[in-house]
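Each chain carries a letter (A, B, C, D and E) given by its place in the written order, and its residues are counted from 1.
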Amino acid sequence: MTVIAAGLLIVALAAAAGALGGACAPARIRALLAGLLTALSGAGGITAGVAALSGQSWSMRLPHLLPLGSAELSVDPLSGAFLVIIGAVAVAAGVYSVGYTAPGGSHPTDDIEPAHETVPDAGGAASRTCQATLPLFVASMLLVPAAASVTTLLLTWELMALSSLVLVLADHRSRGSVRDAALWYAGMTHAGLAAILVGLVLFAGGTGGESFVSLREGADTLSPGLRSAVFVLTFLGFGSKAGMVPLHVWLPRAHAESPSHVSALMSAAMVNLGVYGVVRVAFDLLGGGPRWWGVLVLAFGCLSATYGVLQATVATDLKRLLGYSTSENVGLMLIGIGAAGIFAADGNRPLAGLLLAAAVLHAANHAAFKALLFLGAGSVLRATGLRDLDRLGGLAARMPATTAMFGFAALAAAALPPGNGFVSEWLLLQGLIHSLTLGGTPSVIVAVSMPLAVAVVALTAGLGAAAFVKAFAVGFLARPRSDAAASASEGPWPMRAAMASMLLVCLTLGLAPALAGAPLTRILAMLPTVRDGAPLAGSGVTLHLAGIAGSMSPLLIAAGLLGVAAVVVALVRSVGARRPRRVALVWGCGGTRLDPRMEYTATSFAEPLMRVFDDVLRPEHDVTVTPYAESRYLVESVQFRQRVPDRVEARIYPPLLAAAAWWGDRSRAVANGSVHRYLAYGFFGFVAVLIVVGFTA
Amino acid sequence: MTDHGVTIGSVAAALLQLVLLAAGAPYLIGMMRQVRARLEGRVGAGIGQPWRDLRKQLRKEPMRPDGTSWVFAGAPRVLLASTVLVAVVAPLLSTVSPLAGAADIFAVVSLLLLGTVALAVAGVDTGTAFGGMGASRAMTVAALAEPTILLAGFALSSRVGSSNLADIVAGTLVMPATVLSPASLLAAVAFAVVVVAETGRLPVDNPATHLELTMIHEAMVLEYAGPDLALVELAAGMRLTVLLGLGASLFLPWGIATSAAPLSLLGAAAVLVAKVAALGAILAAFEVFVAKWRLFRVPELLAGSFLFGLLAVSASFFLA
Amino acid sequence: MSEAAYVQSLNLVVGGLLLTAVLMLWWRELRAIVRLLVAQGVLLAGLAGILAIQEGDSQLYGVAAGVLLLKGIALPAVLRRVLRDGREATESEPLVNAASSLLAAAFLILFAYAVSRPLVALAPSPATRALPVGLSMVFLGFFLMISRRRAVSQVVGFLLMDNGIAATAFLAAAGVPLIVELGVSLDLFLIVLVLQVLTARMRLKFGGTDLDDLRQLRDS
Amino acid sequence: MGLMRKIVRTGRVAEPAPALDAPGSASAGQGSVGPWRTGSVQLRHVDAGSCNGCELEITSAFGPVYDAERYGVRLVASPRHADALLVTGPVTHNMADPLRKAYEAMPAPKGVIAVGDCARNCGVFAGGHGVAGSVRDVLPVDLEVPGCPPEPAVLIAALRGLAGR
Amino acid sequence: MSQRTRTTVTAADLADRTVALLADSHRLALTAAHQDADGFRVVYLFTAGHPDRRVELELHTDSHTPEIPTLAAVSFPAGRFEREMRDLYGIVPLHHPLPRRLVRHQHWPRGWYPMRSDAGPRPAFEPVDDSYGFLTVQGRGVYEIPVGPIHAGVIEPGHFRFSVVGETIIKLKARLWFTHKGIEKLAEGKSPSDALPLMERVSGDTAVGHSLAFCLAVEEALGWSVPEPASLLRAVVLELERLYNHIADIGALCNDVGFGVLNAHALRIREQLLRLNADVTGHRLLRGAVLVGGATVRQLPTAAQLAAVAAEVAEIVDLALRNSTVRDRFTGTALLSAEQVRDVGALGYVARASGVDHDARRDHPFHNATTSVSAVTDVRGDVLARFLVRAGEVQASVALLNLLLAEARSGAWLSEGPQQLMGERMSGVGLVEGWRGTVAHRVEVGADGRLARVKIVDPSFMNWPALPLALGDTIVPDFPLVNKSFNLSYAGNDL
């Protein structure tokens, strides 16, 4: 048995044991059992993935596992990369869940409304159902990249969707918004599945086989129209899972409403599978395509990155902000993939390889820092019951470890050195910049799209910094803005341990990105249109790019920062008067002692940028002034309201939903509003489709 | 391409550059205040005044406002450290630098943004309305300036096929005519606007104002006292100096040493001082003739410079 | 003139043309915009001059002189007179805000670049490679006319468009025949005069030259 | 450029600095040793209840004619940046506490300058029901500048003493 | 001199009489409480111009339960005068919609009304307490900016509480009376001449305005006639005061939009004017020129001096407005409508910039020459209008000065006081167009010739409520500019 097979076996066995334990074990040890076995399952994924990335490959066919079809599994370097990413996030999330679901936390009961309504219990995530589903979710995610046939992929995909939906629903009893989020999620994920399904069925039908091997071989025989249809359908389907705008509407809701370790799993691991799907189908199975595919991906990437970062900039709900930031980062990955597609179509392999490598590296980096961010947000949520930045604050003194770790992750998310986000964005920019010098005379598409792509990446870098300064500074620093925030304290140690492990990953990826050079090269080597030598080379601490005069050393930069800061501290000590630091009241212009109401709010922090992007965001303001009856110049009360609706959602979806509602009215007999029943419909529908596929294949 | 070997000469060049920038930054600020004072008919405090202020502040008592965290005390150090790092890696004196391979134009831009972020985070940490307001304004400006400067960098680096600052400067030195190319001119305009915005000069921020409600930079540092304040002011001065120096290197690179020979380094130092002083004087004089823009017109200014960046990139295609 | 110097100076002039066109969109102060128009006229004349030197075409020298006279001196002078009468120093509120209009400009320029590619491919030379700039000017002028309220701004937009046409013509075919160019410009000159009369009338009637005020005429 | 012409035509406005004679010593307070004679004095102005006459003359002193900044004296926005408070007016009941807070907010070493007769002895407002007392009654005063309001030249002489320039 | 009509009204009649007077183009200029032996007496002074009319309503209430009906619903300024009375005299305005403390801050002792004759020594103050009931704006994301009492510039103390979202001001509340010293009470029992230095320091920049209004009131009370040359000199120094303050404001407005170079020029011109003041009166702030019963001036400014100043001011204004940024920031900023001006009773350039033309020089003249002053008004009501009105008033002021100087002669002109006092309780009113607006003083002189009561109303008291109204659609960084365009006196308001 190879290491990969052993890893995958661990994945399956640990998940099964975890599910059993979560379902049957007594409440006392349920969390521990489910959490640790989830982590173990993740560790199995890491093992298999590392083995694949170091050059091993493995495949296997289980003819009788599925009704009417065989399960095919195969692990190559591309799968390996995603196995490692998902496995690592799963380890952290599993360990984290042990603490997160322990009794004693605060969980909001409705939306993000006042804290006094919170109930200090373990929340819905501690329920038997959720504990049992968590390992299943992780295992199904780990099996998706290992799937090597259409049926297997669709089955694992649907398992992943259903198990995650159960987890999203964890708190459905206490908050109405959860049900709303789950409905959106269920709807979007199944629409996405339908698109993938149709696309892959067309593909399989055209090539006469449903295993990836036969798809790969038969891809060239498809007509260009069919190839493009397959690409577009699967791209939209995978894109919706990746949170690509405008198919992102479920994402900010589901990621905000789920238990936080589930949010981390979804945002850091699951969305990556959408990216994986795009790469797998477009670059591997279809073996590349015409230039406009790349342009399409690039366009959606630009849209996602811009819109995601804008919404994150103005969001005041911490988890919603992180969710929108996921859309932004997926957009960046798609920019890399799209640009790689364009260059691959032009036959410019060095650039295509570099850009694709940047996209995959960014997926890894994003997974690390986003997992850490969501886990940090979860710690805050558990300690305060709050997600509303306008009511947080003062956590630096009360939750120092969480604050420090969230701070570093925010730095990474803002793409600032020495965070790991900086490295992959730098790589992406390098790829885009050299589109001029490395491509001979640039084509019109390149000449028009690359500057725009750079502008988008640059804009997201700037706005992302603003968004994460807001999230970190308003959420964690200054004085607490509410009683709940004032009484916050660190949660159980497994939560901090899980965050620390993600911090370690962030630091490693951020300071020694050269480590990723060899695995990335192996991934690129398996894609026919981008295969070209080693794009990344690490010489010690400096990252070099092959064929391009680009180099950067994050480690030296970080060391330089620390070193200079230390020298500065020493110099100030020696030159200064060595007076002790005096703690004094904040200067309040000689007037009142400052109370929390005088601290800047997240809404306010984002207001200038909201004004700047007024045309895009279209916020709704409303100020109601009520004067006294006696005189209109004496004001009795003033009420301010502001809402930033998701405009994409408000513009596109109501007509669709109205049409759906019309259908719904028609079929009221089968729909009674129960989410569980919808789930069942989805599953039965899926099985029916599988049967059809089985027959046609 | 230039070689980025670590030699005694190159280390000496980097150190000389750092010392020059650190020591010269307060004098630059003093000189700019002097220019303004003279144009207003005043005598002015002399170009050494910022140094006198710094020396005194360093000896004063450090303070920590109640309710702030480690971020408050840490921010000035990070701000200064990021600035110093940029001051070391930027090719202002010579194109040979021991660290040139470690940080390119994007790294430099990100390091500068890191400093801005550090100060903004500390501004919020004070828990005052002013700190938060200054932070919000600073981040708004930075969020819009960042894309501009990246685009300008794109335009400059695509010309030489490298984002390495030393390569860009060396490329210009080899082909001086490229300085007058449309791409370079447009990038220079974009860069100039960003320098004005990022360093808080008129018409974006008024470095001389004492009105809390209108300030950007000053609002964030209202709570700093003694050595902390000295560090912040020194870093702010150095940022301005570095950015002016960088502008001079990228758009007027003449006089930069291409080796680390002591004599050419000294000559380059003299040229650098002259160029930065001239740019500073021009900036200060320009400030006398403009008023401060309404806060929400500042984004228009930055959108304009963003467009110039984009045009610079486009022009490098059109007129390649 | 050596080839390198020719390309260099051509690029410089073309870059200047683009710069002035964008600045016209960016700035709101009408006086400054008219000053830009002067600069643009001079640059355009310079472009014709450079081409004349390069081609050694005496007719082009004449065109350069004519352009300088007309676009660098005569037209701006008329506009300045219009401005001097009123205190409308700034374009109070454009229909599209500055940030959006600049973004639109960026897209227009890229668009101009894309559509002129086939033309450039026909006969690649330093001059034709600069074609997108001429086209961009036309687009920007058109956009200026769409997005501004004041009659004077509209005239500026019109002139920018005309300059763009001229620049395109110079770059594409080293100059349209002198007669055509003069004829077009003469047309424009007439339009400017008509508009001047119109704005004067409007000011008498409404005290300002906001074109939206003209709507009031409809109902009465 | 009309402004350029105006600047050139106006030329230097600042009057020549008067000779520096034993400054401020006349009324320098006892006790506390301030951060003096470093060539750099940053001041935080506090109006503790003045009639705004002193404010008017302080503005004049920092205007172009007297140009106090040339001696290294500057007005700053925050007491955290300041070396001394420049207090005017009799201290009212409502301003006593803010004044103390401002003093508290300054980093050591620090000083207090009482500007004008009201700040020294409440002037014509002595005995008012809203007046708490002179500055000396609230804070340790290092230097007093007499006058109602003090003329800019007097103010300048006192400030130069502190700056040592 | 116009005649004051005085009527005693009952509590029931008060509101009707007020409404009738306001409808008849009167404005409430002043309300003063008095403590007589038999109870409290509240005097409401209404004034109107064209022709000069002054109407006083007197309302009596007993000393044990001093209560008056509130006029807050009828007249906005009346509501504020009532709150002031309540704080200082303990007279309760019944059914006042907002009966919060105005003058006495929260830490002032309860039940101690300092203006009462039997107030006695000051009791111990409570510890400072911040619980002032600022209105809390409801809604998520709103925060408050507390500014002051110690501001970042050289500014008088006052506390502003902004309720803000980002940069957008939702509501502003100004809390004043930080410099409340008790000037009115200090003046009581003094002879008019002894009280004059106090009046010169009500607001340091309005030394002439207040001392002149006070003298006019005392002179009316005592039936003291002033020599014609003295009146002329009084008009001259009044305009000199306007000049140096307006030029400072013009510079300060430029400074607040970051155009510091013009502020430097403005300060230079102000210094010239202050030195001119010193030559004219012996004091840079024009103190000592106005005396009870006369005026004294050392030497008069020359027409050439004034012309030079007028030309330079015109040049600075032109340079400012030629800068498009300055113009842009002034234009449309902080609009105050004429209706709002009338409702809150705003005065001076603030009112004139919104098209409401109150000018005591013309409406309530103490010398006939001033009636010819040309009115400078604007209708836009924004910062630009307030800037331009000041600029125009500088020129109008110089024109008026030229007219006055043609006949004025320097020296001391003083008439003897009345040989015999006319009665028990003599009252007088002085209305003067100070540079900020109409200054109103009302004095009562006892039988011993000493002041029994002085009520001072600086135009700032009337204008302060207009400031928040103008901020309707303004962003935070524009506030300093707006505040400067009003440039209200804290000292004159707080007293």
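What we mean here is this: contacts are C-beta pairs under 8 Å (C-beta built on N, C-alpha and C of every residue); 3 or more make two chains touch, one makes a residue touch a chain.
None of the values given here were measured: they were computed from a predicted structure.
J.: Using the contact definition given at the top, which chains are in touch with both chain B and chain D?
T.: Touching chain B and chain D alike, sorted by label: A, E.
J.: For the chain pair with the highest number of C-beta contact pairs, give its two chain identifiers.
T.: By number of C-beta pairs in contact, the leading chain pair is A-B.
J.: Going by CA means, which chain is nearest the middle of everything shown?
T.: That would be chain B.
J.: Please name the chain that ends up farthest from chain E once chain centres are defined by their CA atoms averaged.
T.: A
J.: Could you work out how far the Cα centre of chain A sits from that of chain D, in whole Å?
T.: Chain centroid spacing, chain A to chain D, equals 58 Å.
J.: On a C-alpha centroid basis, what's the spacing between chain D and chain E, in Å?
T.: Result: the chain centres lie 27 Å from each other.
J.: Could you please state the distance in Å, as a whole number, between where the Cα atoms of chain A are centred and where those of chain B are centred?
T.: 35
J.: Determine the centre-to-centre distance between chain A and chain E, using the mean Cα coordinates as centres, and give it in whole Å.
T.: Result: the chain centres lie 63 Å from each other.
J.: What parts of chain B, by residue number, touch at least two of the other chains?
T.: Where chain B meets two or more other chains at a single residue, that happens at 39-42, 60-63, 129, 132-133, 136, 210-212, 222-223, 226, 288-289, 295-297, 299, 306, 310, 314, 317, 320.
J.: Which chain A residues sit where two or more other chains touch them?
T.: 447, 451, 579, 582, 584-585, 587-591, 594, 598-601, 604-608, 611-612
J.: Which positions in chain D are in touch with at least two other chains?
T.: If we look for residues of chain D contacting two or more partner chains, we find 3, 7, 10, 13, 46, 64, 75, 77-80, 97-98, 102, 107-108.
J.: So in the complex, which bits of chain B are touching chain D?
T.: Counting only chain B, the residues touching chain D are 37-46, 49, 52-53, 55-56, 60-63, 210-212, 215, 218, 222-226, 229, 288-289.
J.: Report the residues of chain B in contact with chain E in the complex, numbered from low to high.
T.: Within the complex, chain B contacts chain E at residues 36, 39-42, 129-130, 132-133, 136, 202-203, 206, 208-214, 288-297.
J.: Mind listing the chain E positions that touch chain A in their complex?
T.: Residues of chain E touching chain A: 72-73, 76, 79, 97-98, 130, 132, 135-151, 157, 159, 163-168, 170-171, 343-344, 465, 469.
J.: Can you name the residues of chain A that touch chain E in the complex?
T.: 316, 388, 390, 588-594, 597-608, 610-611, 623, 625, 628-631, 633-635, 637-642
J.: Mind pulling up the chain C residues that touch chain A in the complex?
T.: Residues 97, 99-100, 110, 113-114, 117.
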